[in-house]
Amino acid sequence: MSRLTVLYFASLRDAAGVAEEIVETEAADLAGLYQALRARHGFALPRERLRVAVDGAFACWGDAPRAGSEVAFIPPVSGG
Amino acid sequence: MSRLTVLYFASLRDAAGVAEEIVETEAADLAGLYQALRARHGFALPRERLRVAVDGAFACWGDAPRAGSEVAFIPPVSGG
Amino acid sequence: MDAARRFRLSAEPIEIAPLHARLRHPAAGACATFEGWVRDHHDGRAVRGLRYEAYAALAEAEGERIVAAAIARFGLKAALCVHRTGELAVGDLAVWVGVASAHRAAAFEACRAIIDEIKRDVPIWKHERYAEGDAGWLHPDEGEG
Amino acid sequence: MDAARRFRLSAEPIEIAPLHARLRHPAAGACATFEGWVRDHHDGRAVRGLRYEAYAALAEAEGERIVAAAIARFGLKAALCVHRTGELAVGDLAVWVGVASAHRAAAFEACRAIIDEIKRDVPIWKHERYAEGDAGWLHPDEGEG
């Protein structure tokens, strides 16, 4: 069981209703973490359209969730 | 015999020693006019590297010199 | 803007003059800039204004990486980028990119590469408000935008 | 600058702000600019300064033609160009091109096309002064510059 912080942006934040939350997870990897949170919050975006970042750097979906880390799911960007 | 004004720019003006002059020419075309003026002033640039303009618009070397017109020989440009 | 930083987010209107001044270099013969302005329409819909939100820590790291990589790749004398966050109206400056290089080919290519990569990789999201009163986040499919 | 003219020669330093203001358009999402600056070197020689001379009547007609053609070809919202004449020092602005369009691809391509054609077709000549004390007109071979 890992306890970590998850950040939500843009449409994910609107759907979650919060910009961040503390999560306890038993997921084996970040893909599993997103799957669980998508089910809980009803996120419309499938994982294939997102990127994931840990502690302010892009990470891989196969990485294991680290206790105490800050995980962000990055919806398709639209700056510029 | 046509009497016209010739304008010189950049290295052609330096070589001619004047920015413009009145010329009387019997040349059949503007190419012949340049040939005569090149011989007179010792221009280094061959005609193949120049363009020619008449009355403020690009013209053709085969055009006949028109009395009263303003002819300019355009050395390779270097603006920008 | 911190003299060592070449990308930043700005919650305030972007002032171009001091950015432009930082590009000056005696060996630079070419300066290319790009500005993204808020348009009055998008995908056929009338736009009233928008809001940009960023994941600031990652956006600033990615932006800095992109600008630094362009400087190295194109041999630039200088390059800078600033991106707005917060509320913007039609006509407002959303993003500014400026580069200086010895010759113009590199200046154009680098400026284009920087804005393309900013739009592709920097975690910033646009929330558009439409004339009809509704609003929404833009999450373009790959290749869009 | 006369509001109807989109190219002009300037014997005085070019002021960017009023030119930039003329590019604004509510349907424009992209603005690209190009500036040519006097470099401190050319072909390996140290440059102290330079002078631009133009055949004004033909230069203004050709410049106007080039900018108008780019507006039509790229569907621009606006485009302007000003080129200096007279004496310039290292770092001075020699030429400014600015374009506004709905999207960035057209803005970059049009801005590049305008400066390329200005350099190729507009009768303006550069007289460089070198650190060694000599000076000369630049009459580049085709493909140079």
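Note that the chains are named A, B, C and D in the order they appear, and that numbering of residues resets to 1 at the start of each chain.
In this section, a contact is a pair of C-beta atoms (placed from the backbone, for glycine too) under 8 Å apart; a residue touches a chain by one contact, two chains touch by 3 or more.
Quantities reported herein were computed from a predicted structural model and do not represent experimental measurements.
Counting steps between touching chains, the shortest path from chain A to chain D takes 2. On a Cα centroid basis, the chain most remote from chain C in this structure is B. A separation of 24 Å divides the Cα centre of chain C from that of chain D. Averaging C-alpha coordinates per chain places the centre of chain B 49 Å away from that of chain C. For this pair, chain A with chain B, the centres built from the Cα atoms lie 73 Å apart. Residue positions of chain A with contacts to 2 or more other chains are absent.
Annotation for chain C: residues 36, 115 touch two or more other chains.
Under the touch rule stated earlier, the contacting chain pairs are A-C, B-D, C-D.
Interface of chain C with chain D (complex): residues 24, 26-41, 90-91, 100, 102, 104, 107-108, 111-112, 115.
Per the touch definition, chain D reaches chain B in the complex via residues 36, 52-55, 57-59, 61, 83, 94-95, 115, 118-127, 137-142, 145.
Within the complex formed with chain D, the chain B residues making contact are 7, 9-11, 14, 45, 49, 53, 56-58, 72, 74-80.
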